[in-house]
Amino acid sequence: MTGFMIKEVTDAGEAEARIGKLRLLEALLFASAEPLDEETLASRVGPEVAALLDELRAHYEPRGVNLVRTGAGWSFRTATDLAPLLRQEEEVSRKLSRAAIETLAILAYHQPVTRAEIEAIRGVATSKGTLDILMEHGWIRPGRRRETPGRPLTWVTTDHFLDHFGLESLRDLPSVEDLRAAGLLDSRPVLLGLGPMAGEAPDEPPPSEEE
Amino acid sequence: MTGFMIKEVTDAGEAEARIGKLRLLEALLFASAEPLDEETLASRVGPEVAALLDELRAHYEPRGVNLVRTGAGWSFRTATDLAPLLRQEEEVSRKLSRAAIETLAILAYHQPVTRAEIEAIRGVATSKGTLDILMEHGWIRPGRRRETPGRPLTWVTTDHFLDHFGLESLRDLPSVEDLRAAGLLDSRPVLLGLGPMAGEAPDEPPPSEEE
Amino acid sequence: MATDRKTEDAAPLAAASEPLMLVLDGFEGPLDMLLALGREQKVDLTRISILQLADQYLAFVTEARKVRLELAADYLVMAAWLAYLKSRLLLPAQEDDEPSGEDMAAALAFQLQRLEAMKEAAAKLFARPLLGQDVFARGAPEDINIRRKSVYEVTLYDLLRAYGDHRKRQEGGVLHIAPIRLYSMEDAVRRLSDLLGRMPDWTVLSSFLPGEEGGPLLTRSAMAAHFAATLELAKAGRVELRQDGAFAPLYVRRAQRAADE
């Protein structure tokens, strides 16, 4: 049991129980490809799960496999510095259209955001299949409806989005604080009366004036 | 790098190279869907793979995850002594049938809805088991009886349904128009798609009507 | 041409001094194109010359029309908007409740900065170690479901997809209808209505016409349809028409009163 760094434990029986829990926690996390939330883990190893997770994380920190927290869950992942040695041929971003990549970024930084707002930011209509493909990847989902005229649907990112991009929370999005400070995370349409940025009803799908 | 038991290595650079190989080996074995044979591993980490594997196996021996040799290959497996604890609440994950998913979707969108109405909408008879499975899972429950001849029972979705699908309320289910816009529903044929803003299909790339 | 937006790289326009390369492939709409033009000024977007940008864009559109390049309507709307912006920037300030040229220019500059920020954010996001590409999950997850609540692997996507598929079947599947080679008045009315809603001021009717790529018959029918459509819209009180003399260009704008209703 040399590998575990057991601290502040004197009683042999207590130490053994703790090691047992660490082993179970390790096995549970190892067996699952998906992140597991603390609540689920606590139901299996007990309320001290946070401390156990910290210990396990520290143990794995220098290794080829790390224990990481993304979104609401914990999971084992290969170490990021090994990426050049492990990289797979097919790159996800290759297969995504530029529109999809941009839309995902706008959605991530401006969420909850309506489709009309995404269009206002990009200055172009969202082609069919863009949100579809992002949803199929499990990165986005519909959020609450906005309580404005038309009650438009908003979109938000999922925990799997955080997992995929290795983010612990949305606060860890690259440069998010700088962008917010610079006022660039304002999703209101600004070019009144222009293109898809139709001024009068910002949250609605572009109105068709015929009806 | 305290976790690794490095033996018989004096040179610091050599130790580092060895640790690098151990980490890569660890990551490869972790990420592989199949057990990996020594030949494959040797091509990635070098001819000393057998010694490295021994070292890794020894390191993991007391832990919740073990490095085991099965047939011709090596793989990580959760420790066998933990099996009873891991499998304590094992439930085989099952795929829901297409009919059941569609029934659930129709029920969610059209509720409260009677079984006869679901059948009318789907155009096929609903097998008895379908609603049972959905109810067993806690996604649907009987609603009020319809005040029509025969007083048929209606069905509605439950709070657990919302919980499972991450919806805050039924109002947050995307509307048919939202689905269409997201590309989850092909649009009605555009008879004369002239210009991107024509009619009610604002989110298509401008059709090139000239072809 | 203008409709192909899937291409990866933003094929840039040549510098304004050289003949414009009419390459629309790769632009995600007019704003994207403006951003590419703006970058050529090689200054910070906050210090960009909006006037110069407008000139470059308008030059592009003029060139495009010369070689009968089919431009999507949103490119034309942007052109009209920029022409209007230019006039407001160059003419002495007027006493009306329209936004000032400076305000409009600032709004455009902000829009460009925001779009650029999002493009950079997207690049940074995808430069991160990605799951399944740089970082890997357990390759052989063991068949242990420790989450009691999800016995069935059904996601919201599956549910919505199922409903979408169902509706699609109901709507009768995919219909293939041969394209009609004539421009109808209904479409012209609709196109004009859409465009006019965004046009700030008097605009030459001919600038609304689609390109001439569909052959002379389609072009002529488009011209006739748009002319008839303006008469129809004028009759309904939705647009105002102006012509300064016989055979002079016909100008159209949204009826000022109807716009407020």
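We just call them A, B and C in the order they show up, numbering each chain from 1.
Throughout what follows, a contact is a pair of C-beta atoms (placed from the backbone, for glycine too) under 8 Å apart; a residue touches a chain by one contact, two chains touch by 3 or more.
In this text the structure is predicted, and so the values were computed from the model without any measurement.
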Per Cα centroids, the chain farthest from chain C: B
Most central chain, judged by mean C-alpha position against the global CA mean: A
Inter-centroid spacing, chain C versus chain B (mean Cα positions, whole Å): 37
Cα-centroid distance, chain A relative to chain C, in whole angstrom: 31
Interchain centroid distance [CA atoms averaged], chain A/chain B, Å: 15
Residue numbers of chain A (touch at least two other chains): 28, 30-31, 44, 76, 78-79, 86, 125, 127, 135, 141-142, 196, 208, 210
Two or more partner chains touched - positions in chain C: 5, 74, 136-139, 142, 144, 146, 155-156, 160, 190, 194
Residue ranges of chain A in contact with chain C within the complex: 28, 30-34, 36, 40, 44, 75-80, 83, 86-88, 90-93, 97-99, 101-102, 104-106, 108-109, 121-125, 127, 135-136, 138, 141-142, 163-167, 173-175, 179, 182, 184, 186, 190-196, 198, 207-210
Complex contact set, residues of chain C against chain A: 5-6, 8, 28-32, 74, 77-78, 81, 99, 104, 107-108, 110-111, 113-115, 117-122, 124-126, 128-139, 141-142, 144, 146-147, 155-157, 160, 189-190, 193-194, 197-200
Chain C residues touching chain B - in the complex, by the definition given at the top: 1-3, 5, 70, 72-74, 136-140, 142-146, 148-156, 158-168, 171, 174-177, 179-180, 183-184, 186-187, 190-191, 194-195, 210-211, 213-214, 218
Chain B partner contacts - residues on chain A that touch it in the complex: 1-3, 22-28, 30-31, 44, 59, 62-65, 76, 78-79, 82, 85-86, 115, 119, 125-133, 135, 141-145, 151, 153, 158, 196, 205-206, 208, 210-211
Residues of chain B that touch chain A when the two form their complex: 1-3, 22-28, 30-31, 44, 59, 62-65, 76, 78-79, 82, 85-86, 88, 166-169, 171-175, 177-178, 180-184, 187, 196-197, 199-200, 202-205
